[in-house]
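Got a structure here, written out as structure tokens. Questions coming.
The letters A, B and C name the chains in turn, as written, and every chain counts its residues from 1.
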Amino acid sequence: MAPSTIRGFDEYLQSLPPITFQRLYQQPATALAIFRRMLPSLAKIFVTTLLYNDRPIPLAELQSWVRTESYREREDAFSKLRRLHITQERAGNVSIDPIFKKNFRLALTGGGDHHSFGVPVDASDDRKKVSISTLDNYAANQFDCILHYMVEPSGQRQPNPGVKILLITSGLMKQSERGHQPKITQAGFSFILQEGNAQIWALLIQYLEMCESLQMEKTEVLHFLLMLGSLELGQAYSTATLTQTQIKVLADLKDYGVVYQRKSMPDRFYPTRLATTLTSDVTGLRSTAASFTQALVAAGPVAPPSEAAGESGFIIIETNYRVYAYTNNPLSIAILDLFCKLGSRFPNLVTAKLTRASIQRAIANGITADQIIDYLKVHAHPVMRKNVLILPPTVVDQIRLWQIEGERMKTTPGFLFKDFASEWDFQDTARYAEELGILAWKDSKRRLMFATRTEQIVDYLKRRGEQQAVGRKV
Amino acid sequence: MDKVDASAHYQGVTEDKPSLLVVVLDTNPFAWQSLHSELPLQTALSHILLFLNAHLSFSHANRVAVIASHTKSATFLYPNSAAAAETAETSVDLYRDANKYRLFASIERQVQSSMQRLLSSTAPESLAGTNETTMAGALSLALAYINRVCNADNLSDSGEGSGGGARPGEARADTASMTARILVVSVSGDLANQYVSVMNSIFAAQRQRVPIDICKIAGDTVFLQQASDSTNGIYMQLQHPSALLQYLLSCFMSDPSTRHHLIPPSQINVDFRAACFCHKRVVDIGFVCSICLSIFCSPPPGAICTTCNTKLDVSALGNYGGKPAVVLMKKKKIKKAKKVLNDSAADSSTPGTPVA
Amino acid sequence: MADSDSDYIASSGDEAPKSKSNKTGKRGKRAGREKPRERWEEIQRAWDLGLEDDNIESTISELLEAGKKRRLLKDETPLQRGIIRHLVLILDLSVAMAEKDLRPTRYLLSLRYACDFVREFFEQNPISQMAVVGMRDGIAIRISDMGGNPQTHVDAIQKLRLDDPDGSPSLQNALEMARGALFHTPSHGTREVVIIYGALWSADPGDIHTTIRSLVADKIRVAVVGLAAQVSICKELVRITNAGDTSSYTVALNEVHFREKLLEATTPPVTRTQKMSANGLLMMGFPSRIVERTASLCACHSQMNKGGYLCSRCGTKVCQLPCECPACGLTLILSTHLARSYHHLFPLKNWLEVSWTEARRSTHCFSCQSAFPPPPAAALKDTPDAERQPAKTGSSTSISSRYKCPDCGMHFCVDCDVFCHEILYNCPGCQSLGDEKPARTTRGKKRARELSEGGAGAPPPPPPPAPPEPEPMVID
């Protein structure tokens, strides 16, 4: 199986069947992690409101809290809650899934006997103290090694075989011929351009999918991953409470740099920054990204440590498409080379230029304009961050335009709605879909519409049907 | 090519900033004693702790602080360096508790222990004759802390701007790395003695765009109402104090950035009365010194402003006796009319009625 | 607490020499120079300072702290200020404003700063009123009318952005219009005109000196911020209307200076004489806001709205504050508007530096809980030396990064120092320690008592430095 696009954690989670959610919510740590990581803030507020309410609340009442201008956010919140099976709706009333409720309450109040927040070990008896910078270095090294390998498979630093297998099964790299080094695929290119947290999740999700074929219990792995997110950096944790599967996972995660384990001490492990930020949201990451990049640069073989003065970004783009990258990290330069025309190189600076040819070459390699833009945005120099729009809008628009030059057709996965009973029926549904922003296309003459999601529309139609039925009775 | 229209243009994404919640807990023992049957302080504290946990669970980067506004002092309950040191020593056995998120546990322990210390250090005799709470101090502490936490990144920059004379308040508010809000859990009344300092805190909060939410369990103060009104905070008088947790979780949960999607709980009438400087009385009509704007409930003795020491011209006061606005009359008559109206000033005057 | 005044005298006396002698080490050479330096010599260049010390980081942090501190060292004596002000802001919209010597253009920059000015003005003078007038095509145009709502002025100024500057300015026309706007304002307030003037000429229909004379008669003061070069008539205008004092006429050197000078006018002016403004005691109402179920008419604009404010005397409904009750003439304001200016009345004392010896007392900033650097071992041994240097009213940065409130004795960091003096205007220490220390709110009362006892406690506050009496103007 070779997925053309890399799925993020969000999409992966939403594709799981309801029964898996029931099992996931058994653990307070998982409930907390999903709450924190997956829900928009409005949905979080709905959950806290409902959390200690024993009676269900009418949906209409919850909806009336939100300003009419924020219609879209409101619908987004509700649909997220429904898709994650956190809320249940019965006869127009909303309540929280009892299992989620119980365990989320447990997470907030503490208590119970689930050990889902990891069992800390007093590491003071350890001969060698494991400092946070050791962990950062380790994580940075391991992960950097994977990325290096993908860009340059014949390089000196080779990741463990387990990682190589994962890269190939996930379709990020391709074994062209036997005996030859595998080559990076289009999916691999776009993987490289993602930001750190997304990359880790992409790898872990591939890993999860691989687990299924290895007869490992998926929920256990997920529990473990989400638990990692609630651990504390620099703290040792015991492996005693882990299941057999989870211990196996632990060994694999070591290769990705997510956890650190000393050979002499197999009964404990240390989560690295990659692990503790697994369930952070974007903003949480930005603050950690700084220290992580610092570690990366410091760990780099050529970089003098003084260069790493806490800079989270290094790229400056001017409106004339010139790119200045303050880096000497070969990986960063290799990535820039994917979509820039490199100019000259100085001890700490690389100059490059975004050209039509370079962008289209990247696009031919399967990298999308959005990925390039995201990469530039994520790695923008702090000076650029002071602007309201981080990147110059002209450059961003031009990158998009260059991509569109080659595209005459756009595909959108979704669902076709047809055979509407009446004109009103069609118009009403289409209007609803449009307001939600999920309408991709419609043809009023033939009463056809195409939407990217169905759940909300189905819900809406159901609700409308009920209302009409009630109306008719009266 | 026609795909790129205005809607496809690049726009900066507004991502939710992490948020800081400062809870100011009024720990006035008198008020809590009278509430004891309905909501003991200990229960209220555990409700607040749960609320803090919920706030922290919104995002990894969210932070909290708890400040106690006691009868004669205001102190930090969390973060509190002394309590942190203390709990670190005593909590080795608690350390192994894997059933609670560690951050939650450590906050809870610190708050509990510093609360214990605060209450045990309050001698009964020191409470005599005080039924107030140092709200101004607590708000000042909260604002200083918010300023530190939210502008940690920017503080280093502000030095450069010093030549530019940019007002730090406005300049920083836009670029702050965190949003912040203050929640006051208030049980005691009257703050008239601290009028000026409370007002100063309110304006500081307004300039920093920090909403002050008021969760009023008992008592009533005019100034906290004004605080929440002028900072766009939420004011809520609890009907059932025992349901504190539910109130907290449903009404006070939203951070400033989410709040902008929500309809605030219904606006109530806001009392805008002021406290006079001379007797600390809350008044709705006052005498104001035109030099320094001090408020007096009656013209000060000797017509000398007690604040700025100016000899005031009290004779002009007559003009404010209430002349009918619409009537045009000769000078002499106005003087007469003025006197008449002066006497009946308390009654509602009927505009436009000619006074003969 | 009259001691704050004596404090001030003491500190103002020795501040100047100390600030020089204190700049030891790095800036020693500079400070030791005898000759008063010219303006262009005063520019501090980062590289000059950085080069003299290897440890760049400490230098930079010290510079930052010094910069923060510098803003704080304002005088703390309460001055009598006429806080109810009436001001007309005159904007030059002539062709001279199209110059690009100030970035992006003089026009856009002055519009932006004008908005800042409006906001700042109402922040500092909550119950004051202002109007905005423009000069274009030889005539004066009304941009916004006299009013107390900052937003209407800002909106009106923002609308100008779309236009281009054009024509000649007419100083006389604009001043006449300003005089008209200020004509009806009550006598207990000040009357002021602030002009942003980019042109070097003025196209007037008549003799501007007559206008200036009538301004004096109407007790209107004028301040001018020039953008190009000094213009004689502006200087004359300022000199005559300000009783011979030309300090409120400045020509902006650069963008930053422009802003600084413009915003200077937002600070309430020192009242010059009893004659200039009568000290009235005003009766004011503090109406409460009501929310109604059904809409009703308001008395001020005759518009239907749900809710508003009820006059505390006669119960008339008005929709906007501050205003004068249309029925009974009572001045209605929000108490919060008044309270906004109280920090002028009870200014926070400057905090003192803390020596290393004393620094051992604290490990954390009292208000923000951030950690202080621990006292170095050297400082502990060297106690006598440290004691020899008493803490002074911070003329420079504190060596121990701590600042002490003279009243409550708590230690604060420099960020809190700046925050408390510039935004909060409260001392968190004094407020938090409650009754143990005298609260600042009682200061006024105390002083009053002292005064009524015949000034036994302390000498009465020094009279504000009053400029000379306005002489009868003779203009020629």
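Convention: a contact is a pair of C-beta atoms (placed from the backbone, for glycine too) under 8 Å apart; a residue touches a chain by one contact, two chains touch by 3 or more.
Chain by chain, the UniProt names read as follows: A = RNA polymerase II transcription factor B subunit 2; B = General transcription and DNA repair factor IIH subunit TFB4; C = General transcription and DNA repair factor IIH.
A quick note: this is a predicted structure, and the numbers were derived from the prediction, not measured.
Asks: What chain lies closest to the overall centre, CA atoms only?
Replies: Of the chains present, the most centrally placed is B.
Asks: Where's the contact count highest, between which chains?
Replies: Looking across every pairing, the one with the most contacts is B-C.
Asks: Taking each chain's centre as the mean of its CA atoms, how far is chain A from chain C in angstrom?
Replies: Inter-chain centre distance comes to 50 Å.
Asks: What is the distance, in whole Å, between the centres of chain A and chain B, each centre taken as the mean of its C-alpha atoms?
Replies: Taking the mean C-alpha position of each chain, the two centres sit 39 Å apart.
Asks: List the centre-to-centre spacing of chain B and chain C in whole Å, with centres computed as mean CA coordinates.
Replies: From the centre of chain B to the centre of chain C is 25 Å.
Asks: Counting only residues that touch at least two other chains, what does the list for chain C look like?
Replies: Within chain C, no residue touches at least two other chains.
Asks: Among the residues of chain A, which are close enough to touch at least two other chains?
Replies: none
Asks: Quick one: which bits of chain B touch chain A in the complex? Just the residue numbers, please.
Replies: 1, 3-4, 8-12, 15-18, 50, 53-54, 57-61, 92, 95-102, 104-105, 108, 245-246, 249-250, 253-255, 257-258, 260-263
Asks: Contact residues on chain B for chain C in the complex?
Replies: Counting only chain B, the residues touching chain C are 71-76, 79-81, 130, 134, 136-138, 140-141, 143-145, 147-149, 151, 155-156, 158-160, 162-165, 167-170, 193-197, 199-204, 207-208, 226, 229-230, 267-274, 277-278, 283-296, 299, 303-314, 316-317, 319-320, 322-325, 341, 345-346, 348-351.
Asks: What residues of chain C sit close enough to touch chain B in their complex?
Replies: That would be residues 63-65, 67-68, 70-71, 78, 80-84, 119-120, 123, 127, 188-189, 256, 259-260, 263, 271, 277-291, 299, 309, 312-316, 326-331, 334-336, 338-346, 363-365, 367-371, 413, 415-416, 418-420, 422-428, 430-436, 439-441, 444-445, 447-448, 451, 460-461 of chain C.
Asks: Report the residues of chain A in contact with chain B in the complex, numbered from low to high.
Replies: My answer: residues 28-29, 32, 35-36, 41-42, 44-45, 48-49, 51-53, 64-67, 70, 73-74, 106-120, 122, 230, 232, 235, 241, 277, 279-284, 287, 373, 388-391, 393, 396-397, 400-401, 404-405, 410.
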